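Naming follows writing order (A, B and C), and every chain is counted from residue 1.
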């Protein structure tokens, strides 16, 4: 039951929990990156809701703002902002996840000029100076929330929510391991769970996750595959790939394991320093973090080994510079190290693309002799 | 027991029949609007020609609509055209390690090992550059048939440079050269060379190991073939069959390998 | 085809030949255009055009020096430091044992002077799996650098990445090359355009200088860096003199001087070569002003190119425009707003360099808190100063940042009555949109939008 509830949440934007949350007088803010420190928002009874494309392929209005040389996921999200699908949000936190997202937020400001759009600045490097900078940025975010929404965000509350996040992350790792060796869930279920997490208050999500984990399935497949690359929330696409026999048993993407697998647990230290280190270090899974290629390659290899996968799909949306280049390097290195890879360049939620994707996945499975 | 394969492409569809590990017949037609109908028609004509009933044949499908043929109960299983080209070419000549297949709307480079197993592949199917469609557009602009276009390479003295990647802009270039009264042979040879260059860089993504063969409709273009041999520094192995049937043949071989023991 | 040497090696040979051109008669040079092939012929014709009065040749010498120094440094065991265009080369010039090599400049030289342009190198990068939508300005030179594993190209010893926070493609492909060639990379980061962002940028920059000193095995000498910065100040003064000259109509500063300006800035700033280059540019423009020279009957359009220009055909674009009365006033790359600095210590010098880097084109606009607004404000400021009557965006397809906020630029520009043309093509790759198509669009815009507006305004 919980799993179908989760799929329902993943297929709607303003879900029932959000409506309830809002009816209780709480705020919801939109963001688009896993660098967003959720516990700071939640400590102020503000729900961090992650923007996603919701499998929307119509970008006709957005295309008159962004160009056709921009990422189709960003264009899809912008379309949803412009057509009012995200009107339930009480504001936005912008992060320069990549150049495309940066432009998207510029265009949102230009077209809609939202009353609240805070810029959380996230460095592209991890070192003493950037960590120090980022902890100040998180403090500024807290102050911006307090000023805008008239709430008080205490350190104790942040710590309390950090511990809730720890609990969820731990549970998510347990859930992941149910997919690794003897797979008991489909990748499409996993993506739905991840999407739901990004759309619900933590306290509502945890029990849903726990009961969904009890709904183990018998899973059929030809080969076990790890999914890496750019942000992917397309449940339908994963379902189609899995119908062909390529079972996705893990994701290193930010709508997947990348959002929690390496996330540090609260260690009792000064909370802002801790959060800066927690989020910036975890962000190394994203190709936007420079000088961390080896970290990402090792992350993929570690998960691939533990999950005993047959191959890796390295996907990215067309025009994604970060993952397009990253995937070229990963393909060379992983193949050299004996891990078969398939580079998949795609357009977000495009039905016209599905034939090409299927031919490649089928050939990849045949290559894996599955 | 007979084994059959069908391969539906964007412009043409093929069927092949095997019996006792021998090709007993093949057929190549222009496609109908619906890929399922195309496969049924081409296989139907072939069966009629050979004089066998469809229920005596195990059919595997590949190409466009390959899954639908299985759903419709026409084919037993479907295999990707990438594997089929690899298997078909290897069966015809076991020295083959690289297959370059250029069809109407896609181009692919397939690598196989010493057992004929697929080891890697790369495919271009998003735009017309580097596909048969590219040649078709340029041939039309030049007022030539596809065959004539291919032969022009051998009559040219100074091929022009076609630099545009996009086939629409390449057409503009072709028209531009025609207006400036460049020899048709030289423009056509430039088109063939430009096509070969696109394929060359696609091939480099997976590497080219000998022996190499060229399949698909564009393999019949002598000009592109020669330019590609020059640029790759290899001599293509002639498989001794119509280069367009290799995909359908591969599908038939997969059927034979899987159900031949029944 | 695969054994073609890399860009630096090939350009080095070629440029040595160009240096000898001065001794030839105009007729001999004309004859040369015909022998050297179309690609170089077009560039040579453009660079050596009479209106430049020797400035084009002078520029080639500056670039030749830049390339030769890298080649010779390698032979002498000095370090070759690959830098992106948005990194001030004067810092590297302050070292005794290191020389800079600027990615995008090498790409541009490859595109403008080599037969086959940058295509073989772009293709080489493609064959490694780099997607075709990644910026060609980087892909061409870096594709060439990748060939150094096959000893076909000069290998850089270290890479500086200066674009995180302003350009993903630039930063990412530099990272790819560093990883692929297994050489170290030093990275700075621009998190935004505020005070705190500057503080972080400054800290990271100073750390990078320390690491660079360690790598080169030499502490930057105070006297040397002060000397470099004094020369940089002279360059700045001359840059603004040239800027002033551009205010005249018809514009006495030829279109291509903009390219010569930033080509010099990105390679030789802080060196005598740069000073003499700028002196030459100012001198030629002043003479032209005195004589009232302009290549067309009338100056119809004073165009502000809001991003880069096209480098795929210097003659049929830059010179052609001028011959048709279209002045190329300046562009985004040329808008680096150099400042004079008072330098008494090494610390002063480093602070000045950091401030220059922070204000570099692209870094300043695309690394701002709001890319669209900063881009618009900076460029229209320049446009107003130079009395531009139209703006042209080259629509370099792989620049995701300018592409994403072009709408903002256009809407804001329209509010203040500046017509904007959006072209669609690749600045470094002619395979995307042919020159003839670009010409048509520019002419159409100038004749139907710009001149009509002028007429309306007069009435």
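Of note:
Here, a contact is a pair of C-beta atoms (placed from the backbone, for glycine too) under 8 Å apart; a residue touches a chain by one contact, two chains touch by 3 or more.
Predicted, not measured: the structure shown is a model, and the values here were computed from it.
For chain pairs B-C and A-C, the one joined by more C-beta pairs in contact is A-C.
With centres computed as the average of Cα coordinates, no chain lies farther from chain B than C.
Look at where the CA atoms of chain A average out and do the same for chain B: the two points lie 40 Å apart. Spacing of chain B relative to chain C, judged by their CA centroids, is 44 angstrom. The mean-CA centres of chain A and chain C are about 37 angstrom from one another, to the nearest whole unit. Across the assembly, chain C contributes residues 128-129 that each touch 2 or more other chains.
Chain C contributes residues 128-131, 133-135, 161, 164-165, 167-169, 171-173, 175-176, 179-180, 185, 187, 189, 191-192, 196-197, 199-200, 203-204, 207, 366, 369-373, 397-398, 400-401, 403-408, 411 to its touches with chain A in the complex. Residues 163-166, 169, 172-173, 176, 197, 200-201, 204-205, 231 of chain B touch chain C in their complex. By the touch criterion given at the top, residues 64, 67, 79-83, 117-121, 123, 125-126 of chain B touch chain A in their complex. Put simply, chain A touches chain B in their complex at residues 335, 355-356, 358-360, 362-363, 366-367, 369.
Contact residues of chain A toward chain C in the complex are 64-67, 69-71, 96, 98-100, 102-104, 106-107, 109-110, 119, 121-125, 127, 129-130, 133, 136, 287-288, 290-291, 293, 316, 318-319, 321-322, 324-329, 331-332, 343, 345.
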